[in-house]
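Below are two complexes that have chain A in common, paired first with chain B and then with chain C.
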Partner chain A sequence: MVPLAPALAFVSISFVGRRWPKGEWGGWIAVVAAGFSMVVSVLIALGEMGAPGTYTDVSYTWFNLPGSPGAFPNGFRLVIGTLVDPISALMLLVVTVVGFLVMLYSIGYMHHDRGLPRYYAELSLFLTAMIGLVLSDNLLEFFLFWELVGVCSYFLIGFYYEKPSAASAAKEAFIVTRVGDVLFLAGIFVYFATYATSGPAGGWAANGFLFAYGNAPFLAGVLGGNSFLLTVAGLFIVAGAAGKSAQFPLHVWLPDAMEGPTTVSALIHAATMVAAGVYLLAVTSLFLGFTSLDLLVIVAIGGFTTFFAATMAVVNPDIKRVIAYSTISQLGYMVLAIGVGGAMLGLFHLFTHAFFKALLFLAAGSVIHAIGTQDLFKMGGLRKTMRLTSAAFLVGGLALAGIPPFGGFWSKDDILSAAVQAAEAHAAYWPFVVLAFAAVYLTAYYIFRVWFLTFSGDAVRDPSLPAAHEGGWVMQVPLIALSVFAVVAGLFVFVPSFQTLLQPFGVAVAGIPPTYTSTDLALSAISVVLAGAGIATAYALWGGGRVYELAPRSAARPIRQLLLERYYFKAAYDAIGRRGIYTLARVADFVDRYVIDGTVHGLERAMGAVSDRLRRAQTGVVSDYAAYVVAGLLFVFVVLLLVGPYVVNAWGGG
Partner chain B sequence: MGIPILSITLASLAVGAAASFVAGSRARWVALATALVFVAETAAMFLGAWGPALAPGQVPVGDAETYRWISLPWLQVNYALGVDGISLVLILLTAFLGLATIVYSWNESHRPGPWFGLILLTLLGSVGVFSALDVLLFFLFWEAVLVPMFFIIGYWGGPRRRYAALKFFIYTHVASVVMLVGLLVLVFYSGSTSLDYSALVARAPALPIVTQSVVFLALLFGFGVKFPVVPFHTWLPDAHVEAPTGGSVLLAGLLLKLGGYGLIRWGILLVPGGFLHLDPIVYVLAFLSIAWGSVVALAQRDMKRLVAYSSINHMGIVLLAIAVHSSLGLLAAVLLMFAHGVVSGLLFMVSGSVHHTFGTRDLASLGGITPGTPFLATMIMIGSLASLGLPALVSFPAEFGALLATYVAVSYWVLIPLLILVVTAAFYLWMMQRLLFGPPRGLPAEGAHDLPFFERAGMAVLVVPIVLFGILPGLLVTVIANSPIRGYP
Partner chain C sequence: MSGLTIPEFLALASALLALSIFGVLTRRNFILLLIAIEIGMNAAILNFIYFAAFPLCAGHSALSGQAIAVVTIGFAATEVAVGLAIVLALNRLKGTTNVAESTELKL
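Let's look at the complex of A and B:
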């Protein structure tokens, strides 16, 4: 029932939306549908809170191939179903609450744009697919919706399709995530085939779903003798998640995805879709299990990405792109959490992050809406004219930086302490855990650099910009609501009934609620001090309307350039695509036209030469031609009879 | 049973074709009526197919119709027709494509009588191929498809139509001759005096491996050219570029499937030993076609050539799904043939409409067509996304099945077609970026009109199965499984 409302909104808006005045009605339909989904989701979440550890699974056959004696003794059955459990209830809350608020905000933010029916239709389709993804009860269904959210993201990044940069960003996003997607598909194959061929009659092939409670030990039993397969499958899954969640080395697309409307960035590229990769890792680790090598790779990717992305955020002059790098970095924390065995801690951070990151984007959206630029160095002094926005951004920034009692503190701190504990057991984790701590400092610095540049000081730096003003109530209400969530979402971890959502199997999860031993407290102190230092640095360099300039000959200039060029990853990938693969294609095309087809034409000319000699045979009488055809047939026939067996024997005997 | 529905179908198509030829400007109404009757007949066949399930291993099923045709002491040729799930799904494809093509080319003003007549003849031949159960009858229908398509390309085609039509004819004709010889060799080796399929399938699989292998080689070449398999594929892009839109739709949607169907029904099921013996060759050809088709497509500027090369890629996946030799693979191969039929049909329609509307199909000189022609843009998007395998559209379950079966059979080799999927996505996205996004480029100054009603309706006929069977592939799978796929390894 939850995905149905936005699905109906999608259908109705896409078919008749164009006829409605200015798309406003379509917008309100989408808002109402999202609101309905939100209410149902809250009810579901409350239901799950009331009954710890319960789940409901309903599934229907999608396609069924009856059993046959060979590869698939149990037959082959794919199902589509819904699994409502604590994890999906948690995710539903995130998706529908943020979805509803962003839809509402869009009414004001997108007011002046053309193509509104398309916008609301695509956003509704996205919401449908995202809800479907969250409720999936098996990997294949998960993949199905995974691709659908991807294509919605593609459309919405390219919403301003007449802009070449938007078109190219949309394409880039699709192709880069596609690389992850096909590897994810390979991972599904490994799980699926192993289950279908070596699983017992009660295995996946017969009952059709994999996100089943108690499945992880079962799968470990099936694959126990073959941890190589489990490792490979896990690595494929990690690749898929890295594509969607923009983790190193598939991170390049997310900053460019900021070409889409800011609302889309808030919903899809901050709160929900990019978090789907983390969600995938979490459900995989809970229901299927990773091997220790997989976990090391996950820790490495997550820990490195937190720091790597944060460094690029430090210098970027574009308000949205800074927040985009921040998203990559924060997703890195969640990935790290899964790697150190704290899947639910990762999902908790996903939960808090969704609110404060959507808040940051929507606040940035208010600024962009008001003054029409994304360049930080043209802004300034907006605190005076946009009080609500500046306060909201401040709340979001504090939550992101991890200052207690704001949301991000509780979830990030849990991850860091779990990471340190894990690193004490596995020394190989240490470098990545240290990077994750270093990223705390950078995070606080870059987000407050943005805040000071935008809101502090006396006036806007570029006087040609229009006078700033707050958006209407439809834009203010979501800001206020998200600010509240950004403050309290982290504190939810102390609410016993909410804790049941973070304990999917009805079993206590380490770190929930936080225990606060002396080590934990010391770690918290370190991270808060690091964050404070970051804010202080930002104030020293950019506070009060100052603009910090590097000295002309400063050694930091080349580094700054390297960071602005994003470590040349984008340039390198472009070169692989344009120079490498496209050149290969041109060469192949040449071979196709002139070598393969050339051979054909050569044969034709040879035949022509022969036929000149045989011209006398061309009598123009049909029966003669018929005779030639028969003769030709006989010739082939004889060749096959006489020569064929020798050829085949030479091939390998029979 | 009882009602010879297949013969009735063939007869109605034949009557419709004949009537179209003489109906002149009213031919389109005749053709539409015939197509609608054909759709109804197909629906009737499906109602029969959803009846009781067949026993495993039972070969051609449904309403077998056999009449003695040529009876000599040493030769028995029958008029034998019959369908199972595999044929039925492909006949359904024929019905969709036929109706769509006729509606799409509703306003064909250049000798409409022969045009619609030839289209109906192509449908007639295809239904014949999908249901014939006698070597000679099969060959007759097989050739009967070739001739109308030769005229469609040669008469209604583009500037190099003579070259393209001849190339098409010679390639496929040589291939059919080799195929016929292969089948005849099989008949004589099996010691049967009857050319009937049931006689063949009872004896041929027991023949020595060497004989089977020789025959399989001949059949692989004969059907492979039709697929087309690299390196025997160069007729396809030329034929498509020169063919009129309706011709392209039938060529890609239907004619390529004849190769796939033939290889399954008259190849691997008749000479399984030879097939398994030479399976490595099939794998190599499949991987080659997949990779070559996709990579060369990336370099194309002509929209039709691009779609043509993507067809080579997709039919390569079909061949791969056949090569893996499993029930899932075979199922996926048939499903993918259906999927590719409707999707490539739609893509050739949009290419044709781009050409009519803007006077060129050159991707490098067109751009930003969305504001002026939103319907066309939407169709291009649906077609491209379906072709690159987006879930909830019809190709996805088929490609998923094919690649899963590949993994089960040859494990990590599956990474080749999987990574090629990225290239496929890349060229479709590149095409969409050029055509749909960005500022308008190369558009007529007075602005283009969005598509006329009949072109829209023709596309809509194909969008229905693309979406319907994408969401509910089980409808087709149940039917396809009602075939020798059961009992297959």
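Let's look at the complex of A and C:
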């Protein structure tokens, strides 16, 4: 029922939206549908909180292939169904609440744009797909919705399709995530090949890849015999998640995805879709299990990405891109959490992050809506004209930086303490944990650099910009609501009924038991001090309307250039694309044009020539035809005379 | 059965067939063409009548070959009737019975 409402909205907006300008071209339908989903999701979540330890799995067999003896004895059953358990209830809350608020905000933010029916229809479709993904009860259904959110993301990044940069960003996002998707699919194949014939009920994979508590011990049991394949499958899954969640080295698409409307960035590229990769990792680690090598890779990717993305955020002059890098960096924390065995911690950070990051994006959207630029160095002094936005951004910034009691503190701190615990057991984790700590400092610095540049100071730096103003109530309400969530989401850990949502049950996750309320005070102090130092640095360099200029000969200049060029990753990928793929394409083109087409055309020409000759034989004169008949008969006789005896002998005489 | 031996008879029938084929291939007059075809059919009928005298297995009466011959003669008569009708129509249309001049069979 939850995904149904936005699905209906998608269909109805597609048809009637165009003729309904007064309802914001269908925008209100989308808002109402999203609101309905939100209410139902809250009810579901409350139900899960009320009865911890139960989960509901409703699944239908879509089709059933009978097995055959030998290599494929169990057949294959594809199921479609919904699974409501604590983690999907948690994700449902995130998706529908943020979805609803973003929809509402869109009414104001997108008001002046053209093509709104398309926008609302695609956004509704996205919401449908995302809810479907969260509720999937098996890996294949999950993959189906995974692709669907991917394509919606492509549509929405390319919403301003007449802008070449937006069109190419959409393509880039699609292709880069596609790399991950293909590897994800390969992972599913490996799982199938490994588990279609073994395990409970005659093969887990053959029985529809169901997510069911109890799989993980089973797979771990098989692990002794197939640990290599399980590792490979796990790595493929990690690659898929890295593509979707923009983790190193597939991170390049997310900053460019900022070409889409800011609302889209808030919903898809901050709160929900990019979190799907993390969700995939969490689900995999809870239901299937990773091997130790997989976990090391996850830790490495997560820890490195947090730091790596944060460094790029430090210098970027574009308000949205800074937040995008910060998203990559925060997703890195979640991945790190899963790697160190705290899948639920990762999901908790996902939960808090969704609110404060959506808040940051929407606040940035307010600024962009008001003054029409994304260049930080043109802004300034907006604190005076946009009080609400500036306060909201400040709340989001504090939550992101990890200052207690704001949301980000609790979840990030839990992750860091879990990471340290894990690193004490596995020395190989240390470098990445240290990088994650360094990123805390950078995070606080870059987000407050943005805040000071945008809101502090006396006046706007570029006088040609229009006078700033706050958006209407549809834009203010989501800002206020998200600010409240950004503050309290982290405090939810202290609510016992909410804790049940963070409690995996059935299986104890290997490694660290989920400890949500007890944190290591010394570690917390370190991270708070680091964050405070970051804010102080930002104030010293950018506070009060100052603009910090690097000295002309400074050694930091080449570094800044390196960061601005994003470590040349994009350039390198482009070069690979241009040299490698184009060469390949040219070879393929040559083969197509001259070898394949050549064969076809050659055959055609040969047929033409032959039929041209044959045509002359058809004279229309009866005697000629009679001659052909006789010639044919003679031919048959001759053949029979020559071959006949052998044939008769071959049949055994007669 | 007196008279012809099997080789002699086969030579006769083959000669008749060859004559017919020769006529079909060389004549250009439609009526002569029809006559040549008739000769060929008679060669075939002759075969039936001759070999009917050597029943190969029990249950085959000598009459069966002759019956086929009679039926075939009947068919030949109708066929000639149709053929002559075509010749008449063609003659009316083109004013000639030369087969080389009518190429309507060409698609």
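Assorted remarks:
What we mean here is this: the second predicted complex is superposed on the first by the 559 of 654 C-alpha atoms of A that agree within 3 Å, B and C clash if a C-alpha of one lies under 4 Å from a C-alpha of the other, contacts with A are read in each partner's own complex, and residues count from 1 in each chain.
The rule is short, and it goes like this: a residue touches a chain if its C-beta (ideal position, glycine included) is under 8 Å from a C-beta of that chain, and two chains touch if they have at least 3 such contacts.
None of the values given here were measured: they were computed from a predicted structure.
Looking at the shared chain after the overlay, A:582 reaches chain B, while chain C stays out of its contact range.
Once the two structures are superposed, chain B and chain C can be ranked by residues of chain A touched, with B on top. Of the two partner chains, neither chain B nor chain C is touched by A:391.
Touch criterion not met for A:49: it reaches neither chain B nor chain C. When both complexes are overlaid on chain A, the residue A:491 reaches neither chain B nor chain C. Common to the chain B and chain C contact sets on chain A is no residue at all.
Partner chain A is touched in their complex by these residues of chain C: 21, 24-25, 27-28, 33, 99-100, 102-107. Of all residues in chain A, only 618-623, 625-627, 630 touch chain C in the complex they form. By the touch criterion given at the top, residues 61-66, 68-72, 76, 78, 140, 143-145, 147-148, 151, 158, 161-164, 166-168, 170-171, 174-175, 178-179, 182-183, 185-186, 188-190, 192-193, 196-197, 577, 581-582, 584-586, 588-589, 592, 596-597, 600, 629, 632-633, 636-637, 640-641, 644-645, 647-649, 651-652, 654 of chain A touch chain B in their complex.
Across the complex, chain A is touched by residues 56, 177-178, 180-182, 184-185, 208-215, 217-218, 230-231, 233-234, 273, 277-278, 292, 295-300, 326-328, 331, 368, 370-371, 385, 390-392, 396-397, 400, 403-405, 407-409, 414-415, 418-419, 421-423, 425-426, 429-430, 432-433, 436-439, 473-474, 477-478, 481, 485-489 of chain B.
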